[in-house]
Structures are given as structure tokens and as C-alpha cells.
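Just below sit the structures, each encoded as C-alpha cells.
Look for subunit A in each of the two complexes below; its partner is subunit B in the first and subunit C in the second.
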Partner chain A sequence: MPQLPHMPAFLRRYGTLIGFLAIVLFFWTQRPQTFMTLPNWVNITRQMSILGVVAFTMTIVMVTGDFDLSVGAMASLVGIVAGSAFQSGAGVGEAVALALLVGLAGGALNGLLVAGVGISAFVATLGTLTVFRGLALYTSGGASIYGRVIPAEFSSFGRGAIQLGELRIPNLTLLAALVLALVFVILRFTIVGRRLYAIGGNREAARFGGIRIARLRMLSFVISGLGAAVAGLMLFSRLSTAHPTQGEGLMLQAIAAVFLGMTMNEEAQPNVLGTLVGVLILGVLANGLTQMQIDTYIQQILTGLIIILAVTLSSLSQRGLRAPEWLRRLLSERRTT
Partner chain B sequence: MHLKIRRASKAYAGVPALIDAALDLYGGEVLGLVGENGAGKSTLIKLLAGLEAPDSLEARLNGARVTIPDSAAARRLGLRFIHQELAIVPALTVAENLFLNNPLPRLGGVFVNRAALYTLADEALRRLGIEHIDLRQRAALLSPGDAMLVKIASAFIGADEQQPLIYIMDEPSAALNQAEAELLYAVIERLRARGCALLVVTHRLHELFRIAQRVTVMRDGRVVTTQKITETSAEALIQAMTGANASQLPATEQVKTVPPAERPLLRVRGLRTDALVSASFELRAGEIVGVAGLAGAGRSQLLGALMGIDKRRAGGIELASEALQNPAPADCWARGIAYLPEERRSQGLLLGGRVSHNMTLPHLSRFRRWLAMMDRRAEDRRSQQLSHSVQLRATGIQQRLRELSGGNQQKVMFARAILAKPRLVLLDEPTRGVDVGAKRDIYRLIRELAADGAGILLVSSELDELLALCGRILIMRERRLVDEVPTADLDERALLSLMFAGAA
Partner chain C sequence: MRKFSLFLVLLLAIGGAALAQDAPSIAVMTPFLAQPGTQLMVEGFEAAAADKGWQVNVIDTSEDIAALVSRMEDVALQGVDAIVINVDPTQIEPGLQAAADAGIPVFGLDSGAHPLLATNVTSNGYTMAAETATYVVDRLNGAGNVVMFIFEPYPPVQKRGAIAQAIFDNTPDIHIMDAITPSFDNGPLEGARNAMEAVLLAHPEAGSISAVWAAWDDPALGALQAIEDAGRADEGIVIVGIDATNQARDAIARGSNFEATVAQDFSGMAARVADLVEARLGGMMSAQVNHYVPARLVTQADLVG
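Now for the complex of A and B:
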């Protein structure tokens, strides 16, 4: 009887990780001098730190079965808010506090629309995405904020690093690692984490089973808003420039990273360590392809194809799901001939 | 017509679910298939339906060798299935649901021929003798019983009156009340008379003796015996199913009457929600009170109102003399109310989750350590204890719920209910789709809970169960609680007529 042979459980669970190692190996052989060096890897972690913060906090939202499409626009808006604060003479502390407050308020708005009013997360955050982008463009007049008005200690944070023996660990890498650790502990070890997974597993059963769904969904959007705000500040500090659309690429990449991470879980649940691998895949691809001087547009095409491939393979091998008839026929013919 | 199945085997992840099973279906005959949950009945049906690939299977239809690689092939062979799980799309109309597994009538090859759709759908329902379901209504509005009837009717869409088919039904009557089940029996008899072959899986033995000519018993993945129905008895079948002596089975014990306490545990006055017109009653600690009614009478809605699932419009609820003011389900659990919903798979369980996680879900704050961390060792320990007290059959507390049989899934729900020593337990069809052995364990658990001083409200469509377990039965009709009767002077016939009174 034709049937897709069951992929070994090992391959199902670690396929994406193996793919990641293959990508690393490929770049290593292509650019033996530069790719597999400590400075380059430190560089990769810094390049992916901003995406990492957004993706890690996005993981929490996706654990409950929701999405937050507004994170990129929020990151841009937060840069403009902090920049405008600097322009009107605020100090670093005040500007950062204001920026985080905006992230918190934006997240709370998303949570209110989704968990309170009951709009689907897709529609609600698509709406707030547009609002946040409009706010950023309006406040800034469409122009970038840069130059002397930005305090030196703010922009030096994004370029700074901590010397640890031989190693210079960038501040941004450290910050992303801190967020990663926080999200990991929340999801894996706390009661809240368990409840978030229950909501994502079966919303109605979670409610009937005594979980306060609205509150927790609200909380997850607030966390994601805060994550976007932190990422926006990191981006602003790193570039010493706040442009009203500079965070836009983050949202799709963050969601892609969570999806890549879900392929590494036997129940296909979002999990933050998986998200980390997803972020690493995206970061290594960008770094390696740039080193090979491949056009950034081509890079986008390749990245998209790799995401589709990983998710396809993992859904094919998931328990209970069988390959489509034509594929099974194809495979069984191959085996017999 | 003769469908001959031999050497049917299937293992999941190395664990055999079906071992060398053999089965014969003949035209003009109903074969009953019985066995405890996990005996391999559903697996066998999935192989026949082409939903799972067998490890080995030899099938012959009228002597010719056939294979069933997918559900389309099963359909071509003339096999029609009514599966255990409700496959209803809530957003579609009843008529559209009837055509889910069937080609829609077309207009010009592209458009759906609505007129023909409704005519054919109407015909299919009429054939079952169903007249109370509106074809244009969204399936979301159907009660579970009506949804099951719609699903059953869908197997008869496009059935050629001349050409007899093979019908395979997995617990078709599980969600039906007595009146609806009668409709089903009539249809089965009509199909049989027309020369169709039928395979009916059931947990209701009295049903088996009504409709089947032969019966096949399965246990632990094997076919144990196949007999003519006239040559066997319920006791013999139970013994074959369980491998145990029939005398160990649930006896209808004498119901204990609880001495009236000074104050009732639960006092409900004029309760009303959008789905419930009115209910007033009292419940004492240690008492098991049944709730009887036809499908759609509002039994589940009564529990939903008590649990804070539906918003209360009027009336009052007092638990141990304390008023419950519009609580959320979370508040109810915290106050000591435990709830087992009717649809355990969609409303109760995290099917992808572990046994332990499902047991502790409403009680997570009891396992709090510093900084709201989970005390996972305490959780595991408690889950182990509970698995033991509900006699759970699983590979361990880490097993995923999806992999457990229906009866064991329900035992996990009971473990959840008893974790925090509840004061009030709301049970909605606790033994539906559960095998004889698990049923016995569940009855024992219910009695133990009551003996421990919990008040129990039990909704059930199985009248013998209500009569055997409860001291009093609340009667519901048309979303109202209309009557309350002690079971001492009640039999099934009398109870049934109370449920129907006024409706006829």
C-alpha cells in the first residue's frame, strides 16, 4: 500500500536544526577565511539582536494562538517618540521611559481590541499597525531624526560592548540574551506560561477549565508591545537615527522565526528556543549571503523559500497528517522501480 | 454481498492497536461490534475507511481482492461511514453539511445547484424521519444530538435505492436520546431489509440485541469471538469484552438517601440566562441529583449557567450560603465547583497536552513556588496519585491526551475534578462513549465523591444510569426546570414520560 515512509522522530524534531547546520557548513566552505570566525559570529549575534527581541516576545503572543502584526510599526514609532523627546530637551532616562510607555500603551490597545472587544488579532493589529505608522510619519513629518540632538551616551550604547577576557560582547547581544532568558523562564517555568500554552492549545477548554483568558491574552500583547519598544530603541541607538519606517521589516521576519521554531516542537507549539534557532537561521543567511556578495533582493527570495521549505517538511511529517496522494504515489513508484 | 476482512493489523509507534483481526459483513445483516475503549474497534474502522494505512490487511468484496488506499477508494467500493467524532462545520448550513463528503449538485458544471441541494438534503433527512431540523439553519445552532442526526443523514445522500451499500457506524447513538435513537434503529432496519450490510459499533448492549443479527467482540486489539445474537447474552458478551466475570460489573446498588442537612449546599433561585428560561432547586452535600430531559431541553445550559459560562440574566445562586455574583468559570473552580463538560474533546481537554497538565489545569495556583514558578515536582507527584485513584490506563503522566482512549480521557477529567476536593461537581454525560470497564470505574468515582461530602449534579441521557446513581432527578423541558422526582418510585418508562410530557 503506498504510503509516505514515516520520517524518523529524530529528523522530524531536529530537521530544522540540521538544516541550520547545513547552512552554516555551506557558508563555511564558501567563505573559509571570514565566516567561521569568532568576530564574525559576534557580529551575527549583534545583527540579529533586534530581530531577536521582537521574535522572542512575539513567541508569547503566538503561544496563545494570536499574532501581533503591529510590532514593526511600533518599533519605528518608538524611535520617533524617543527622538522627538530628545529634540525637546529630554534626557536619556526620560526619553527611554516615554518610549517604553508608548510600547506598553500600544500593546494594551491591541490586547483590548483582541481580548476585550473580540476582534481577530489579525485584523486588530493590522489596524493598529497602520495607526502606529501614521503616527510615526505625522510626528516626524516623514523625516529622520539624527545628529547632535541625540545624546552621545544614548547612541554609544548601541555600538558599545563589554570586554570579557578576549571577547567583546556587544551590549545589544547582551540585551537580547536577557530578553531571551526572561521569555524562556516565563514560558517554561511559570504558572502564567502554562496557562498561555493552555489557551493556545484549546481556548474553550482553557476557559471552562478556569483560565482567565482575556487577562492573559491582554498580557501577552502588552509584552509584545514592550518588546517592540525595546527593539525600536535598540535600532535607534544602533543607527543613531530614527526614521519613521525603519522597523518595518521586523514583523514578517519575527513571525517567520517563530514559525521556524514551531517546526522543532513535536506538538508544533511556539517555543522560544526554537524561535532562537529561527532567528539564527535568518541572521546567518543574511550575514553569509552578504559575504558572498549576493544581491539583497535575491537574499529575500532565498529566505522566503527556506521558510516555506522548513514549514512544509515539518507539516508533512507531523503525526496524523499524511502526504497528498500524488506525492505518496510518486514516492512509492520511486521505491518500486 | 460479502465483504471479507482478514489479517487486519496496525501498530502505532510500535504499540499494536489491532492484531490480525478478521471480520465478515453480509448483505441484509447487521453485525454488532463491541469491546472496551482501546480494544481496536475504531482502528479497524479507520483502516476500512482508508484513513490510516494498515500494517497488513486482506480485503475481498464478493471474492475479488480489493485495496483501500484512501477514503475515495472506500467510497468507490460502496462503503459509507459514520465516524465517532462529530465532523460538522459550524459555519455552513445543515444542508451544506449533509453534502460535506458528497459531490454537490452542479449548475453548468461550476455553480452549486441550490434548489437541488435542498431537495436532496430534505430527502435525506426525511428518509431518517427527521422533520424538526431546518435545512437552512447554520450547523452551529444544532444541539449535539441533532448534529449527530445530520451527520448520520449525510451517509444517505445520493444513496441509490436500488444498489445496496455497506454502512459502517461508529457509536452512532452515543449522542442521541432515546427518541432520536429510535429513529436511527428504524433507518438501520430499513437499510438491512433493502440488502445493505451494516457494521455498528456500540457500547449499549440493549441496542445491540435490538438491531444486530451477529456480534463480534474485540479485546486488546484482537477479535475474541463472533456469535449469532440469539446464541449469546449480555453477561456472556461483557465477560468476553472485559475478560472478567460479569459479577464484577456495576450493580444497580440501592441509592443512599441523604439525611436533610440543616442548610443546602447549593441553592438556586429563578436562574435565567439567554439559553435557560428558569431553574430553581436545592442540592445537599453528599447527594447525587440527576438532570433528565430530551436533547435541547436545556440540561447542559443549566450546568453552563451554574459554572458562569453563560451570562446570568436573573436569579441567584448560593453555594454554602454564600452568593455567587456573576462568576467566571475561574471563580467557580476557586470556590470548589468542578465541571466536566459534555464535549470533553473540544470543551474539556488539551488533546496535545500531557496527562499531568490536563489534570492540574484549573488548579495551577496550588502549585505555586517563589515568583509564580510552577512546582513541577509537586505537580507530577499529585498527578501520579490521581492517575492511581482514577485507575488511569496510560503509559505515564507525560503521555499526550490524544493518545488515550475515550474512557481514559474521561478519567483524566475526573482526576482534574477531584484534585482539589470539590464541594460541588457538575457532570455532563460523564459516561458517553466510554466502555463498560471505564463506566464501572466512573460510577465508583461518582459514589466516592458523594460519600466524601461533595454535592453532585449529573446530566445523563442514559436513564438506567440516572436511576441507578441518583436519589432525585430534576426534569427539564423546553429550557425550564419543570419537575423534581425521587427515584425510589420511578422506572425508565415513567421517567421517559416525564421527559416527554407536554412536548407530545
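Now for the complex of A and C:
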């Protein structure tokens, strides 16, 4: 049976990273004046910080083999909740606390439905997505919340930065880095993290090993809900506007980022550093293609194709690149004649 | 190396699409390019820009406002000569600020007034809504039940609903049965159609619904489909919309219940913005916050013959 040689291990592991660097190099050569500049990279990290927070916390859910489709709707709802709180005269601390509580409750509801009731994560979070979206639309009456009701200190956080010498690091970038570090520590250095991977690897074996699966799956959804809430607040603060559907684009991009990150792992497991590369790939593509003035619809097609390409090549390398059946038959016929 | 080379091939393939950098470069940015009115404006601007020898980059973020802000920051760093937006400016302030910091003027194309905009060109929403609402009042001889399709989140459209409601409220025998915001999940046409089907089912008696007033044409067309499919086209329900899209003009021309719409001069607005951009690139500033381009009522009489 003819079988093409396996990819070298380092290419299998770092192929996506090399692809990312190739994309960076390409944009650098195409837009030497504007792409590889400090302001542009600061710009990219700020733009990707919100998606990053959703994707990093989504990684925890996906480690256990589940999905959370409700994160985008939750991010929108949280913005509306905080905005409504501001309209009612609440201060920043109260509004943020209430918003985070909503994220926590939404995550707990997802966890209860999936881990407690036993509904598939796809169906349960599709249902809560619709509920959260409806709540956001109902609470806001379909209208955006913006203007003077939003305290200046809340808006200034999303637009502010910390000055380190010449470098201005956006607050949003720092917050995303903090969430990244937290998720990294949880998954890499804690018993909870190892057990989450055990659940994702083989749920039955984990059960027989005495791991409390329902509790940990529940926890993963709570973290995802909290992540979506933090992202929703970041989005609200950045735009100074809460719109009942403004976070909905986050969900598919977050899942795409986690999948891209999975291609950087020999066992194709979700891992948060891989997710970071996935987020950066999406961010750099959007930024670079915009600077190159590529039609935005072509941008979407290219981004989708690159995700499919990376995941397909990774999948093939996991299995080993085998020639298709018809080719193997043809080759063996030739050999016999 | 397969991944590496395939990435490069893909990206090099589109590299040729990057245009020359000599002519003034204008970014046209909107999350609403799928809307017919926006398409007409963008096409009008592209035509005007081609006459002036400009390089135009149209960026649509498919209803994603946050993405639009990010793309504005990108083009500000890229250093385009001007940005034209079709979106509520209050929702994209970080993008406007990024453009202001880079010294790039931003022009509103049927968006709204904002201190960070050089100027905004639009139709007078109050006038358009008044035209169609008074058409309904006149056709009903001042008495009847009206279903309204409104859209609060977008200020230029919200204005239309507010004025129409004021006119109906000021007419004692006109009763607003419902003010519906159509769902956008499958487009406003489908959302309005579903909502209108529900209203028709809730009011099955002939003559119980006198008119449908829509803040733009898509929900008017959705309501028309629902009324025709329910077999209630002969009840004399009067439908009006705003924007005069081609689909709306066709419906009016064939003598359906859809009787009137208002034609915004989208090409005229786009041409006016192009002139204002040209003046600004030439160093002239406009102190006028809003430039209004006149709109006109369109009925079957305007379309047939």
C-alpha cells in the first residue's frame, strides 16, 4: 500500500505558525510603509483583544469536547445590561458587576443544560443564543444605548492605554493578555486543567477515573459565559455604544480561532497558545487585506479558505498522507503489468 | 512546506489586485452594502470618483459595527486621503477619532451629523416620512387602521417613524394598530412578511386593516407579499414605503396595493459627497453640518407611460 511519507514532526506542529509568519512577511513586503510598524501592531492587538477573550475562554469549553454557540449573543446582552444599568443611574462598578453576573448566570444555565440535563452542547447553546438575543432586543427595545448616559470613565477604559516609554499599550490588549495568562495557567498548571483535557480525551475513561465530569463541564461553561461578558463589556467600552446584536460576529470567529489553534498541537487538542495564533491570523488577515485594498467579500472568501486549508492539512498530517483508493489501485495494476 | 507555499500562492494571487497608489485614495465604508439604497449610493460615488480619477476602496463589514471601527483604524494608518461612511457616526467614534488623529477627513453619506465628520449629505428624513404619512391620511380620508414598520436602532430611519407617528396621532380617526420592528435574521423583507402574516391572521375581517406605512421599502414589499398570498389584495389596503428601490417601483407600476414610495436621490447624494470631498482635497472647508438633497414622492402615475 503506497503511503506518502509523514510530514516532519516540527512542520506538523509548527506549520500553522510558519503559515502565519508567511502571511506577515507577505503583507510586510506589500505594504512596507504601514504594515510592519509599531502603531499598526498595537492597532491589531487592540482590534483582536475582544475576539481573543472570547476565543481563549471558548478554548476551555472546547477542551472538554463541547461548544458554546451563545457567546456572541451573551456579549451583546451584557452590553445592553450594563447600558440599561447606566440609564438607571448605576455607577461603573455596579453596572460592570451586574453585567458579569449576567455572564456567569448565562454560563451556568448553559452548563446546567449540557452537563446537568444532558442536552447536546450544540442544541443547548443554540437555544440560549436565541434567548440571550431576544433578551437583549427586548431590554433595549431594539435600539442602541449610547451618548451621555455612559460614564466617561467607562468609555475611556476601552480607548485608553498605558504608556511604557515610547510604547502605548491599549488597556484592552492588556486585559486580553491577562485573560490569556489565566486560561494558560488553568489549562497547563492546574489539576482542573488536566482533568478538563481528560474529559475531552475520553469521557468514559475520565468517568471511571473518578473525575466529576458534570461539575467540570459546568465550570467550563461558566468560564465561557464570564469570558463573553468581559468581551461584551470591552466592546461596549470601545464603541461607547451597546447595540443588541453587536457581539454576534464573535462566536464563529472564536470557534475558527480555536480550530486554527488545534492545528498547532500533535493530538489536535485545543490549546490556548494555539488559539492566540489563530486569533492573530484572523486579525492580521483582516488588517493586511484591508491595507492592500482587497475587496471585503474576497477577504471573507480568502479567510474561510485559509481556515479550511490549515485544518485540512493538519488533519491529513495527523492521519498520514495516504494516496486515495483509485490511485493505489492504478499503481498496483501498473506494477503487475 | 506545503502549508507555507500554499499560503503564499493564495496571497500572491490576490497581490495583483492591489491598485496603484498615485491617485487620491478614498475609502468608502459601510456595514450595510446589502441594502439597495446603500448600493445605489456607493455605485453613484464610484461613478463620480471614476470621473475625478480617484482610487476607491469599498469596505463592507456585513452589519458588524465593531469590525467597521477596526477597518477604519486600518485605513487611517494606511493613510487614505478621505473616508466616506454610510453608518450612524455615533456608533463608530473610535474609528472617527483614529481618522481625525491621522488628519483624514470623514464624510457622511446619508449617515448623520457628528462633530468628527467634515460634513454629511443626506435626504431630509422628516420630509420623506411626512410625504408618505400624509399620503396615507389623504387616501384614507383621515380614518382607518394603520400598521407601521419602523426601525429604532438607526437614527435616520428612527426619525421617519417618529414623524409618521406624529402625523397619524394628529389625525383623530387614524388608529395605529401596531408598530413593528421587523426581524433581520433572514433579511427585513422576510421579517416583515412574517410579521404581516401574523397581523393578517389576528385581524381576519375584511377592511380591518386600512394601510401599511413602512419606514423603508423592504418591509413594505414583505407586507405586500403577505397581503397578496393571504388573498386579501382586494381589500384596498394601502401600502407605502420609502427609498423607491427597483423592486418597489415594479410593485407600484403594476398597480398593486403598494401605492407610493419616496425616491431619495442616491446618485445625487453620492455626487454631492464627491464634490465636497474634491473641495476638501483642494483645501476648502464646509461649515454646513448637513447638506440636504431633495427627495420626491413616486406613485403609479410617475412610473407608467
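Everything below uses one rule, namely that the second predicted complex is superposed on the first by the 317 of 337 C-alpha atoms of A that agree within 3 Å, B and C clash if a C-alpha of one lies under 4 Å from a C-alpha of the other, contacts with A are read in each partner's own complex, and residues count from 1 in each chain.
Here, a contact is a pair of C-beta atoms (placed from the backbone, for glycine too) under 8 Å apart; a residue touches a chain by one contact, two chains touch by 3 or more.
Since we're looking at a predicted model, the values are computed, not measured.
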When subunit B and subunit C are modelled together on subunit A, clash or fit: fit
First (subunit B), second (subunit C), both or neither touched by A:A198: first
Subunit B versus subunit C as contact partner of A:Q291, first or second or both or neither: second
Winner by number of subunit A residues touched, once subunit B and subunit C are compared: C
Touched partner set for A:G142, first subunit B, second subunit C, both or neither: second
Touching partner for A:L280 - first (subunit B), second (subunit C), both, neither: neither
Which superposed partner A:I150 touches (first subunit B, second subunit C, both, neither): neither
Subunit C versus subunit B - closest C-alpha approach in the superposed model, Å: 20
Interface residues of subunit A shared between complexes with subunit B and subunit C: none
Subunit B-facing residues of subunit A, complex: 1-3, 189-195, 197-198, 201-202, 204-212, 267, 269, 322, 325
Subunit C-touching residues of subunit A, taken from the complex the two chains share: 11, 15-16, 18-19, 22-23, 26, 30-31, 34, 37, 39-40, 43, 46-47, 50, 141-144, 146-147, 158-159, 235, 238-241, 243-247, 249, 286-287, 289-298, 300, 302, 305-306, 309-310, 313
Parts of subunit C lying in touch with subunit A, wherever the complex brings them together: 1-4, 6-8, 10-12, 14-15, 17-19, 25, 55, 57-67, 69-71, 73-75, 77-79, 88, 90-94, 97, 151-153, 158, 181
Subunit A partner contacts - residues on subunit B that touch it in the complex: 53-54, 57, 67, 69-70, 307, 309, 328-330, 332-334, 339, 341, 346-353, 357, 361-365, 367-368, 371-374, 376, 400, 416
